[in-house]
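Chain naming follows the written order as A, B, C, D, E and F, and within any one chain the residues start at number 1.
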Amino acid sequence: MSVLGRRGIHYFHKLNSANVPTSLIQKGQNRVIEASLTLIRERAKLKGELVRALGGAVASASLLGVPLGHNSSFLQGPAFAPPRIREAIWCGSTNPTTEEGKEVTDPRVLTDVGDVPVQEIRDCGVDDERLMKVVSESVKLVMEEDPLRPLVLGGDHSISYPVIRAVSEKLGGQVDILHLDAHPDNYNAYEGNYFSHASSFARIMEGGYARRLLQVGIRSISQEGREQCKRFGVELYEMRTFSRDREYLENLKLGEGVKGVYVSIDLDSLDPAFAPGVSHIEPGGLSFRDVLNIIHNLKGDIVGADVVEFNPQRDTVDGMTAMVAAKLVRELTAKIAK
Amino acid sequence: MSVLGRRGIHYFHKLNSANVPTSLIQKGQNRVIEASLTLIRERAKLKGELVRALGGAVASASLLGVPLGHNSSFLQGPAFAPPRIREAIWCGSTNPTTEEGKEVTDPRVLTDVGDVPVQEIRDCGVDDERLMKVVSESVKLVMEEDPLRPLVLGGDHSISYPVIRAVSEKLGGQVDILHLDAHPDNYNAYEGNYFSHASSFARIMEGGYARRLLQVGIRSISQEGREQCKRFGVELYEMRTFSRDREYLENLKLGEGVKGVYVSIDLDSLDPAFAPGVSHIEPGGLSFRDVLNIIHNLKGDIVGADVVEFNPQRDTVDGMTAMVAAKLVRELTAKIAK
Amino acid sequence: MSVLGRRGIHYFHKLNSANVPTSLIQKGQNRVIEASLTLIRERAKLKGELVRALGGAVASASLLGVPLGHNSSFLQGPAFAPPRIREAIWCGSTNPTTEEGKEVTDPRVLTDVGDVPVQEIRDCGVDDERLMKVVSESVKLVMEEDPLRPLVLGGDHSISYPVIRAVSEKLGGQVDILHLDAHPDNYNAYEGNYFSHASSFARIMEGGYARRLLQVGIRSISQEGREQCKRFGVELYEMRTFSRDREYLENLKLGEGVKGVYVSIDLDSLDPAFAPGVSHIEPGGLSFRDVLNIIHNLKGDIVGADVVEFNPQRDTVDGMTAMVAAKLVRELTAKIAK
Amino acid sequence: MSVLGRRGIHYFHKLNSANVPTSLIQKGQNRVIEASLTLIRERAKLKGELVRALGGAVASASLLGVPLGHNSSFLQGPAFAPPRIREAIWCGSTNPTTEEGKEVTDPRVLTDVGDVPVQEIRDCGVDDERLMKVVSESVKLVMEEDPLRPLVLGGDHSISYPVIRAVSEKLGGQVDILHLDAHPDNYNAYEGNYFSHASSFARIMEGGYARRLLQVGIRSISQEGREQCKRFGVELYEMRTFSRDREYLENLKLGEGVKGVYVSIDLDSLDPAFAPGVSHIEPGGLSFRDVLNIIHNLKGDIVGADVVEFNPQRDTVDGMTAMVAAKLVRELTAKIAK
Amino acid sequence: MSVLGRRGIHYFHKLNSANVPTSLIQKGQNRVIEASLTLIRERAKLKGELVRALGGAVASASLLGVPLGHNSSFLQGPAFAPPRIREAIWCGSTNPTTEEGKEVTDPRVLTDVGDVPVQEIRDCGVDDERLMKVVSESVKLVMEEDPLRPLVLGGDHSISYPVIRAVSEKLGGQVDILHLDAHPDNYNAYEGNYFSHASSFARIMEGGYARRLLQVGIRSISQEGREQCKRFGVELYEMRTFSRDREYLENLKLGEGVKGVYVSIDLDSLDPAFAPGVSHIEPGGLSFRDVLNIIHNLKGDIVGADVVEFNPQRDTVDGMTAMVAAKLVRELTAKIAK
Amino acid sequence: MSVLGRRGIHYFHKLNSANVPTSLIQKGQNRVIEASLTLIRERAKLKGELVRALGGAVASASLLGVPLGHNSSFLQGPAFAPPRIREAIWCGSTNPTTEEGKEVTDPRVLTDVGDVPVQEIRDCGVDDERLMKVVSESVKLVMEEDPLRPLVLGGDHSISYPVIRAVSEKLGGQVDILHLDAHPDNYNAYEGNYFSHASSFARIMEGGYARRLLQVGIRSISQEGREQCKRFGVELYEMRTFSRDREYLENLKLGEGVKGVYVSIDLDSLDPAFAPGVSHIEPGGLSFRDVLNIIHNLKGDIVGADVVEFNPQRDTVDGMTAMVAAKLVRELTAKIAK
């Protein structure tokens, strides 16, 4: 429904042509952004205090939702994803023990900091550059609260740029990135959008936030995409050769010598049979078990992660893809927590 | 999916049996609530400043979302409604002129204050009594910014109680309520829940916030419901006799001698043919045009309104009910703004 | 899925060409039919005893399901309807009080005798003539238990013939029939099928079971249909003239001077907007409220009723038409019980 | 799926920058267009010969499909409509007798000339101006074959312009137009598109093809729309006042003193409850019976008609809106044929 | 729709507080149960006589439906499964030859005894303990008729307990069980329900009905689940290690030295991509071919089997999961028959 | 919806019993067929001229749609497939580079000749034998235009017979056929239909058009099917043994010593999890990646191909199977073009 609209900027179109003082708007925006960050800080702080009071956790996953879909090139549905993923995580039809035995009901394993108020900030006329800074800042506020580590719920894939930027800056060095996706998302600027979900990994590599970038599940890549991969030294694992690469990918060891590992899972890395609720249906992808095998057997210290591009507006009526996203979140939680 | 779960209270179950100091939790909750209200205040303030800077508006509708579904007796889907209604309001498939000629893109007609962070507050272990106070407080913060008037997006029908309480308290007197619904929502306490969506109008009448309460569209009412109607002096208009009552209802004049009129529209007042995306399917209701005729011809000063019980999880794949909710919001906006 | 198949007769095709003694089959069929009727008798008896023990009921509705769909000319889905209607009757999303105040949880108002085991009987190679006799016999077993009156859940419309035959025979005289439908169902024999759902009212009129037959909601009628209406003296109320006929139809008085009134509601009498879950989508029908107005204001002693042609395989995912069928059953129950 | 793409012009983008001689392309386009029209001429001729051979028909409806969706402002699905409407016309679930007794299986009542090969013509790089001329030409080829009259299956509403132009030109004078729609479709040029489906009636009125234009069902109209209505002398019947206008509209007499009446039915004139399969969901519209009442009681010589904006990609899984479109086609057929 | 309701016990709630003699109810229940078993006996007997008359069969599969869903912890939809699976077995879109060449239209391969009237028995106020005995008794009645062997159509997984109990008791000794499932279903008592579908294999192991229990496909298991597995000596094959276990599982040899093999297939053992129509969506499961490979290559005498937890209310509109269940039934039939 | 109807032959039933001269009809049919072929010739010619003008292509894929569904034994939906596949090919959600790097926007790689007007030809009373000749003729018209090679969009599988006949006749010799399907489609005459989609490969083998026929993905085959395979020397690769055959099938070398390779992909060769939008749901099939591996690694000169049996009426609402069909078309295009 949203494909033609650019939401949340209605009021401010009018204002440019009216005689509303710019300073009035700017001051208001500043106050709204400041209040937004204060709210996230307080929620993170309470969750951090609780985990520390309970004691015994060295690393603990904490959910941060970023309901942002407007940098998608096709459909904006991922903006609706975070509350649906949370619902599926706690859905009564499954149990809260992960496949390897962690209990996600234990706050030392998993807490939740809530959502960045993306729609509300945009509706105040804030532009994307500043919005992305708010996302980065929010991630840092979570990381401030030891032992919390950010597990970000997208949103479209454009959010991985501000998130990884924050993780790397906060940790003070590069990370290794394991990136599961049907697409390399490394266009210089897709349809002129610097922050496009198809450009996030160009931004990340330009920023120098990653030592290694492994892209797994790729099966839709243009000539420009291949050139960008070469330019950035990406380790590209295409689906065409997955049966050959499987053994390597199911035994990864990452993050040594850098600040750790960041895992970014775009749901369209999965074949649409397993995850129909995505904006870009690209047949020929990974099975759910393939993804779990890669994650379960990954050796490395996971310092952050995201699950992105779930589009509830394309999901089955019973929310199969929400359950898929939720299980990925639970299993990532189990890998992060220790 | 959510029917068996009670979301957002996972962490705090554990904590009761652990040795986490109560004061730590209480202080954290206080800080989170305070920050939440600060954020709403700042958003309302910026929108108020804009409208006043543009000038010329005496009354202006401002959206406030309350994504709260856990007081529903059947399905919790209405918690997902506010972002879907916003998307439909600005959907490119329709135009922003209301049937009587108002432009909803004009901020003097319609602004948006965003959502109360319900899920995040509950996830900090805050109970319903306090949460409802946050909702009331948020409504008052909108009303603080003259000429903004609250047009609340539910959520389940339990939110009408804190909203109407706030409107009446802020205005300093009673209002007349036009309430469209399949059910009277006046149980003393449904399944023991004082804040149940089936009890909100019992709370409102007990609180003395309404002079007159007109209930229109009723077609599912128990013996207790009828008795409560008598007890509270409700003016009950059942569907059984709608063809007889139509002329009166399409020419209402309300709110004189009190602080104004409050309109509460439960989407299940519509027949499910017109609004399938609701939790309680009750055939035999109003047509969409019936509702518009009642609203368009209503005479009175509308000081607040809500559109509740839209359940996106029951909507058609193309979001027909979202469009229905959005059109009701746009037409209510046109009635409020002047 | 079932459109091309004729279910339940697989075994017996083979047997005709094998040397299995006919007597073996016939004896087995007899025993199965006898046991089926015994089971229905016992269930009816227990329900009758209960209602009589509770006392005070003069007439009480009792559900009898007839999951028979193979006499449909288009889709066989109505065979799956009875359990879905029962589920919707007791669904937690609505309340058990009817619009005029009867409580359907009171066994003096409504009991349930269960389903005729149609599939199992057919699977033993029993032909339609005999099957229809089992349906008639089952209806009589319900009527045997004073004060129970049959409220039959179809199934396709072919079942109205054996049901009305039984009602008339058991009462010892004619009834008046109020028949709501998009089609007259009075073909001499549709596609050669004497028991077709498009022929049931030809059978009923030929059998002399009805004094008056009022057909309401008709909007798909062939030349043959019109001639049959004349031949049988049917009172035909077409949708084309409904706005003119409405007042008469909303004030019917039937059944005096005969044994009472039988009400047969084909769900396709409703416009598909209100009841999409039917096999024969015929736009331009009655609204749900139109049907309720006719039923609520009907004066007469209702001695039996059916709700047929609900096809769960065409319903919306959330079962809107099941709720429609269930509400019709509840409101008919309230009319029958006294 | 098609929202972002402009189909059928892929090859020719490349060619502009390659050294393919323009004359090669132009000659090829001319030959393809000529062959397309020849094919339509032959099909119309055969159908005309048949009807004349059978004898006795003074006017006879003949279907012409125009699978054109690219001038829609929102979704292109109406390009897929004509084959789906045909399937529904002949669907075994309904019977071929119209409500007033005509048999659509009689070729003297209804024949079919097939589709204009829109996609194939566009894929040869032909622009819209020329494509619209092919549509006009095709309509004239049908009218050439006495007693055939065009009943056009859209396609989006942009096709009414070339169709009505052809009807008027062929008949040599103006017609009266009965136009059922949620929108006036009279923008000067919507989003810069002269042929937009939102502009067709501006083109028609500018062309002088209509004496009177009655627009019924309108409920989404901008300020520009209202001004265009005044400019063109449109008789505007808005849904807001339908209950007041109903009696007039259900007794129309049109076309006297001009060449006859043209009926254009946009499916979104119906409320989405009755016709969910449309691109522009606009609640508050006509019921199916309202539309039939207007059509059945219309007095006048119908010289052409169209049924447009059915979008199969938004229909229910069981094709309810296809059945709605098909029944409108059948009932229009009955009005045309004599 | 049914999630909050407990169906079929409405009448008897009232009766406890009324003065209906207990003996009246008990006698009625006894007669209904007796008649139910008589009906199953007669149907089984006829089918047995036929197969024996045809001659040549040593073992023959016979369907017994158990439409029981109320012991599910989440959704009750499996109560609607048996008729849908039957429809899919005979669906005209596939052919009746199994992959290894058996003809399921041959009654020596497959017959059908029909359904246990679960809803009707519960509606008479019969409790679960007794109901489960009726299920056991029904299974024994099938086994009474040599060479019939029970192939049970669930229903939720709670039915495997009474079924396997009956098989073991009737054969007079233990069986080996091959159990495909996402969950171990071995809770001591899930949510206090001794007969819960999450506890059936605890009951089976406590009863001593199985020598070996192989659980395959497991991917949701709590700490209690793992402990119960140890306690009962379960051979646990988790999906985590399926690629390693595959060769063993695709070459099983079971049942020697005991009374044979029982196969229990919970449809959620399959990945939801292959079987979306289940109540508990648990991604990461077996492919359909994985299951067939295990079944086709299993060596052993299969004395009984069940296919459970198909939930038609969660299936795709075209019944993909029904086809999956039906194909499993057909292939199991081929393994049983000889 | 179409299951019971035989479309497009309505007019001509009447005519047989009327006194319309046969010659009138035959002459008209001849003219329509001639005009149809002329139109296809012109479209092919223009596309051929363009590709030759651009230069450098030795072989180039050209789409030809055959919207024919009436020879299906179950559902006729494949008649609607070609426009949906085209839409998905150019859908903005994916990019036009194939997995191995070809650009399908380059007309030297892919052009489109449009659809054979199947419905219109049948609606003129033309019988199947002649219609099939038109299909063959159309294929030859494409092949006439060097370097175009036909990539045919079905339609049901009956079209492969006239297509392969044309390819072989035009090339003047046999081809090797790689046929992916759940069924062998080699019945002598299914339900008496010589042109049935279940008989096409019997026709092809009888005609001597193929040297080798490899059938891959088979999992529903009757006794007659197996015998026909033997009779025709088919190389049968059943799913039962796919894990064993995989290595051979992923390294095929075909077409040497004959005129080349023809690839026919029935979408039901895929498991319904990957391609739900088919008429014959047969679980246990190939994954999408399995199919791509076979195609990508196939060595041989592909002279023609088809993708058939996509049924849009069974697809998911977001068109997953359309995307699957489109990606197969794109990847086949890349294999053909050189």
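Note that a residue touches a chain if its C-beta (ideal position, glycine included) is under 8 Å from a C-beta of that chain, and two chains touch if they have at least 3 such contacts.
Owing to the predicted nature of the structure, the values given are computational and were not obtained by experimental measurement.
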{"item": "Longest centre-to-centre distance from chain E, chain (CA-based)", "value": "D"}
{"item": "Remotest chain, chain A as reference, centres from CA atoms", "value": "C"}
{"item": "Chain pair showing more contacts of the two, A-B and E-F", "value": "A-B"}
{"item": "Rounded Å distance, chain C centre to chain D centre (Cα mean)", "value": "42"}
{"item": "Interchain centroid distance [CA atoms averaged], chain D/chain E, Å", "value": "55"}
{"item": "Where chain A and chain D are represented by their mean Cα positions, the distance between them in whole Å", "value": "47"}
{"item": "Two or more partner chains touched - positions in chain E", "value": "3-4, 73-74, 92-93, 271, 273, 316-319"}
{"item": "Contacting residues of chain E [partner chain F, same complex]", "value": "92-95, 97, 99-101, 103, 271, 273-274, 287-289, 292-293, 296, 316, 318-320, 323-324, 327"}
{"item": "Parts of chain A lying in touch with chain F, wherever the complex brings them together", "value": "73-75, 219-223, 226, 238-240, 242-243, 271-273, 276, 279-285, 314, 316"}
{"item": "Touching residues on chain D, where the partner in the complex is chain F", "value": "1-5, 7, 10-11, 13-15, 18-21, 24-25, 28-29, 31-32, 34-36, 38-39, 41-43, 45-47, 49-50, 53-54, 67, 76, 79-80, 83-84, 86-88, 90-93, 105-107, 111-115, 117, 119-120, 123-124, 313, 317-319, 322"}
